[in-house]
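Chain IDs A, B, C and D follow the sequence of writing; residue 1 opens each chain.
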Amino acid sequence: MAPLEAQESASPAPQPTIDQSTLTPRINVKGERELNFDWPMLKIGTGEYEEGPTGVTVFRFGRKVAGAVDVRGGAPGTVNSDFLNLGYQTPDLDAVVLSGGSWYGLESVTAVDSALKDDGERSGYWNNIGLSVGSIIYDFGDRRLNEIYPDKKLAQAAVRAAQPGLFPLGPHGAGSSAQTGGLFGCNAHSGQGGAFRQVGDVKIAAFTIVNALGVVVDRDGQVVACNKDSGWPEALKATDLVNGLPGSRKPGWTGVDKNGMRKNTTVSLVVTNVKMTPAELKRLAVQVHTSMARGIQPFSTAFDGDVLWAVSTAEVDPLEPGFASVDIATIAGEAMWDAILSSVPEQPFNQAVEGKPRKLSTADLKALAGEYRFSPIASLRISEEGGKLYGEATDRRAIFAIPAGEKRELVPDARGFVVPGRYPMRLTFASDGTLVINPGPWEQRAMRNASQGN
Amino acid sequence: MAPLEAQESASPAPQPTIDQSTLTPRINVKGERELNFDWPMLKIGTGEYEEGPTGVTVFRFGRKVAGAVDVRGGAPGTVNSDFLNLGYQTPDLDAVVLSGGSWYGLESVTAVDSALKDDGERSGYWNNIGLSVGSIIYDFGDRRLNEIYPDKKLAQAAVRAAQPGLFPLGPHGAGSSAQTGGLFGCNAHSGQGGAFRQVGDVKIAAFTIVNALGVVVDRDGQVVACNKDSGWPEALKATDLVNGLPGSRKPGWTGVDKNGMRKNTTVSLVVTNVKMTPAELKRLAVQVHTSMARGIQPFSTAFDGDVLWAVSTAEVDPLEPGFASVDIATIAGEAMWDAILSSVPEQPFNQAVEGKPRKLSTADLKALAGEYRFSPIASLRISEEGGKLYGEATDRRAIFAIPAGEKRELVPDARGFVVPGRYPMRLTFASDGTLVINPGPWEQRAMRNASQGN
Amino acid sequence: MAPLEAQESASPAPQPTIDQSTLTPRINVKGERELNFDWPMLKIGTGEYEEGPTGVTVFRFGRKVAGAVDVRGGAPGTVNSDFLNLGYQTPDLDAVVLSGGSWYGLESVTAVDSALKDDGERSGYWNNIGLSVGSIIYDFGDRRLNEIYPDKKLAQAAVRAAQPGLFPLGPHGAGSSAQTGGLFGCNAHSGQGGAFRQVGDVKIAAFTIVNALGVVVDRDGQVVACNKDSGWPEALKATDLVNGLPGSRKPGWTGVDKNGMRKNTTVSLVVTNVKMTPAELKRLAVQVHTSMARGIQPFSTAFDGDVLWAVSTAEVDPLEPGFASVDIATIAGEAMWDAILSSVPEQPFNQAVEGKPRKLSTADLKALAGEYRFSPIASLRISEEGGKLYGEATDRRAIFAIPAGEKRELVPDARGFVVPGRYPMRLTFASDGTLVINPGPWEQRAMRNASQGN
Amino acid sequence: MAPLEAQESASPAPQPTIDQSTLTPRINVKGERELNFDWPMLKIGTGEYEEGPTGVTVFRFGRKVAGAVDVRGGAPGTVNSDFLNLGYQTPDLDAVVLSGGSWYGLESVTAVDSALKDDGERSGYWNNIGLSVGSIIYDFGDRRLNEIYPDKKLAQAAVRAAQPGLFPLGPHGAGSSAQTGGLFGCNAHSGQGGAFRQVGDVKIAAFTIVNALGVVVDRDGQVVACNKDSGWPEALKATDLVNGLPGSRKPGWTGVDKNGMRKNTTVSLVVTNVKMTPAELKRLAVQVHTSMARGIQPFSTAFDGDVLWAVSTAEVDPLEPGFASVDIATIAGEAMWDAILSSVPEQPFNQAVEGKPRKLSTADLKALAGEYRFSPIASLRISEEGGKLYGEATDRRAIFAIPAGEKRELVPDARGFVVPGRYPMRLTFASDGTLVINPGPWEQRAMRNASQGN
């Protein structure tokens, strides 16, 4: 076999990036679960690049609406929050855009404005300019093996397909690669959540992309999703995790590292049909955002970049007797807790080896060997040695549990191969040279380098 | 009888206010419960006017320290928050002052600065000016029958008596007349809470004056203190109350009314000995303040004026390995929840009639009749009619459950008289003409007008 | 001649927008005047679509730098200002982008991030994400006859061509269609300005896109550029204009109308090589931004959306003795005044009829008649009547001084045609059917509808 | 003569502070110049302690009004700014208080609230609580020899004496010991300024306590007041001073030192009778505050703590046609420039020796010798040596130009003694043992220690 080095130098240099023009937007994908509600004034479009997976969720209103924002840091990514903070009394807002892709994903926000202009709905005339606001989550890093981000094409397709009454729950739209619980090494899969409440004429909808450093917590104080460390109890209260700090973060855990800022962020939206003054709408934003500290613990840390947008469609005015704006905000906070809980998807396959370890021949294993590239930034070298199969990351510090510069055994089981450990890692090889890690909603696909054989 | 009556009726209208120079500060009153901890750098003084009751809690540091603030509204009262927000890198702060008395109580904050100057600890030289910051709660209104507020005399006595290691819990200092749960008509007595945690060298203390529109909630989601409406279950979850909005607010409840802003506010302080940059300290303030939404539900409403101060004494630098500033903030948030829970005092006597109704003679009852004045703004007329005793508020809309312009029966029982209803209201008459409403920590005292007899 | 109606219905409906993919970026166009300076760490790229004209100015730094922002409203358009405000202590900023195109132009900001990623300079790894910030000016409305905005293609070309030491002054980059003085009806052409100062090792550069509702004022208080109303003196002091408010705004002036918000905005950048703490850098931003009220009067009105970014490249640390950070800020403010003054271009041709009115035959005039389209949103109908040439706007309220629904005479002179009035309006017809309004840097071009003949 | 040491040890230790209860408020002192205007809704009271001199200026409105604030730092001292920033829509404000005394002077602000309560105008009822806001200037340090600050007694006397239509200009109220120009060593005396404009029904008043690090500048760019360094030209432009930075700050100048923060601050108020939304009022504050950078250069530095309050009395609604809120703000900015200029008092006596140096006998000089105490913090030792009189500061680093630990000659002239130098310093001795430094509005008085004679 030719020396590996030569082979590598023969192959083209890794492209620094994927050409996103080759990607196909998937719009309003039907999720496993969805929220249905009746509110014509509020339309939602979701766009996804499943190669990420990453995506965008666009909220479009039936007319210019009033908006407010509560930015709580630590490391937010925002477009046009200042305009809302400086508070004209007029309704100016067209859309709220929540997106993956970290700061790159902010392209989704500006894209919606230009779509509205190109479609003739908005123009350059001073009182008809498109105004979208938006914010992003960090969904790169260890959680996926590429740097695809939601872009103009995706966001424009999403806003143009926006429809009322339907919101996919779980790993969709901006929440496609969301995770939670990194502070404790939970690294649970997460997603987007939504809830709707109607009391009399009052409508309230809450939406959130839960991608927090903290864990999702239910109304009994239980942690809802976590890849638990060995020895952790089945029923895990958030308060127990916190009480273990910093001790619950055992050596070797893959969660936050001391300098690991900006790996999280939860972005949210609350909408009501009640007409509100700018001051009331700002209060709604503050109170609801604050209330989220119940469903996500801890919330709004320095390593999150949390942002909540609040919108009033002003369809109900005045409030019916007995209602005060504080009631709206309190009910909305409760709806937001529902939304947080609804964001949690079914966690993937157990990481345990399934069934008896399969017995594979050396030839079978050798046939799988080769260099598998996931994207310009991630590649895995599979090799056989002594009748066992090994993986080794080659151009980034780790492919999930498989580090660079070190071989890690892939244990065969009934459905493929597993790398045992705290986090699920399953590999399946297809006959066409495709390697899939963690088949399912968050799967990562690689192709074996064609020039490599055996 | 001497012509006193004539003189008095000729005498001028009631003074609009009490002369506070006649009040005696009560300093560092030993409470029923207290928090003890070991931290020489942090000294605490509490001052109370039991005639209010109202008071002030002063936190004084062993040297100039770094401070940050998170003001979350709706209607805060603050001194020198702007200075902290604009963020020099130098430690400038001397003291944090939490006070009752609404905006009038801010006099307590400025008083601490002048005490430090008068004592020669601070001066007018630019790098040695006394800098206190502080905020207040609203503790007037229906909850007490006077408008006494914590003033310069009280605050200066408190700061001069500040001592390390001891913090009274419950209705003391700034929390003397705190209440919670007005949103649901709970109107429970509240107070000041504190908690201390030490992990390795790291010290964290959390203090709070819980005077929220919302209710205090424990880690199982249960409401900790509430004067429940008839028919409410014994075990009451916060989420159930919220789900009843606005319906849980029955007709006649005494909680928030639509225009009833500014009746609440929770003010808090978190202190750590870890050295922090201004950005980190601000994040500590934001994260801990946000976390309080778990222990108080709802939190930071438009009708609160919540403020949290954060202080670093910079005794530990750098943090020990494994710790990040987010850990400090997360632990501090948990300590703050403990502090919130510790603020709740034993709620007073049951409002029910105790034992069999006493049988009192008409003469006995007549002997109690007269005009009882609590303060220049509150007076109660007691009269006998048909063998029953009645009360009627005379110069404000109500004395607790007794309205103006309407007689309400006082039912005699084993220990005095009771006005039955959702809220405790007990009256005891002493032979010297004193009337005490709700004897105990929150008692309100009146003297019978001397000119009135028979 | 065929019936106009039929022709119109035969021609396609006006496109709502121009397809910007057909436009060609013009990068680093050599201006009439430019600022030259020596500072390798600071690179500048300008991109322009001359069809607008509109453009973008990108400032790229040699490494991650520290940034701060002062947003002063009224109606700003910003990307990622929140991140800078929340103040980590680490340098994270890659580029500052100033752009035309109102909120649509924010696409320029997000475009720079993705260019850096695509070029392999930045990635998705948490400590290497591209971070651009930016803000925009409003340059649509009455000032140009199309809605072209600076887009991803333009901004990416500009950042990739960024070079040190050179900054074009006047109507270039983001300042291509800037104007000033609308408050008084001045509507003077404006542009981008820059200035550089070096004191010892300290370098300070100031840049600004001057598009203010107010007027530019020199150090003697004189207005630098204004289309003066009839009867206004040659030497015009800003204070005289203000003293005339609201009277100086005569009936019929084209400046601000009561509802005419968001038609302006000045966006700026100050850069120093001095290392600064976040607090110092914020102070630099605040002080310099405030100082601009001298060179632009009034400044930061409700109808502007002013934003100033401040950057420290941290090349000089510590400051040499005798220097304090306040000196840096004061010098920078003076540099910014220079920058403001340098933004003013030579104002165009006099509006007066030049030479004797030309005498043109009716046939000559008829040959010019027809429908001239500038863009999907602007079209001008030229007709001959009684030996005179007339214009009439057809699908927007006005083509500069020519209103819709009303014919306005075009007066022939030595160089073409003129519409006399306060503001320059000159028309030249070319033999190929092209109509040019105001030939020169701000010219607007139309083609005669092919189907129309004579 | 008994050994000085013994005498000193016999005398009591210097009191750390002056007992302010011995001071007599001087209320609404008639100034040399005053602003008169017609506006019943706006009342002004000034209080002064001439022993400082220092004082307070209270603005009281005829009813609850709407307020906004623009805090621009660097080191502000404020009360209740947060409440205004969080923006209810209701008018809640009672008074704006501007005060000397640095953070100690904030006692003046809280004092006004309690005065209103004690006078029965405000109470503890939630919708009738007194709300004063306010901010302070730094007027200690080298500028006066005591640490007297405006206190509760002074502020309450001032608010109770508040009257419409009259505002003393120059060194009065909060401006009693204001100075400007420290950045360039100008150290000019300053004061409070005011201006009033009426356009149609619209009333606008602007008030400011000018105590800036920068210099006051007129509409031609000239510096209005400065103790010029030797060699500086008579006509001094602000731009020339700035261009000399840091060189214009010669060795030995007494202006800002590198660590000399918090020595300045300009606090201001703009009032209009036009009804404004919270957003408009905030814009008024921002625009007018920004505009002050013309009249004070530089403005809003890190070493200032500038704050501007804006108030609407809501007497005019709606605005008459032709007026927009931006006009109000622009006119108000111009009024504020007038106010700044009006703050500058006649600068004191020339520092030059007047007439021929007087010839005094050694006995005459010896008779003046002794220890003169200005306050617990400042004392001057006068001694005779070789037929000349000398001064030496004894318990602080300097008494104006006379340092501690070093004798400085007092040159006799026609009117007393002079210490030549950049800054005026004249000493006059009275037969009763009184020493007056700089007789006039800013004079500092000391008494000779009784135990000392010879």
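Definition applied: a residue touches a chain if its C-beta (ideal position, glycine included) is under 8 Å from a C-beta of that chain, and two chains touch if they have at least 3 such contacts.
Please read all numbers here as calculations on a predicted model, not as lab measurements.
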item	value
Mutual neighbours - chains that touch chain C and chain D alike	A, B
Which of B-D and A-B has more C-beta contact pairs	B-D
For chain A paired with chain D, centre-to-centre distance based on mean C-alpha positions, whole Å	56
Between chain D and chain B, distance of the C-alpha-averaged centres to the nearest whole Å	38
Cα-centroid distance, chain A relative to chain B, in whole angstrom	43
Residue numbers of chain C (touch at least two other chains)	73-74, 86, 88, 279
Residue numbers on chain A that touch chain B, as the complex places them	72-74, 183, 199, 213-214, 219-221, 237, 239, 242-243, 245-246, 249, 256, 258, 279-280, 283, 286-287, 289-294, 297-303, 322-327, 329-331, 333-334, 337
Contacting residues of chain B [partner chain C, same complex]	86-89, 277-279, 282
Interface residues, chain B side, partner chain D - complex	16-17, 71, 73-83, 86, 88, 90, 102-104, 106-107, 109-111, 113-114, 117-120, 123-127, 129-132, 138, 140-141, 147, 149, 151-152, 259-263, 305, 307, 377
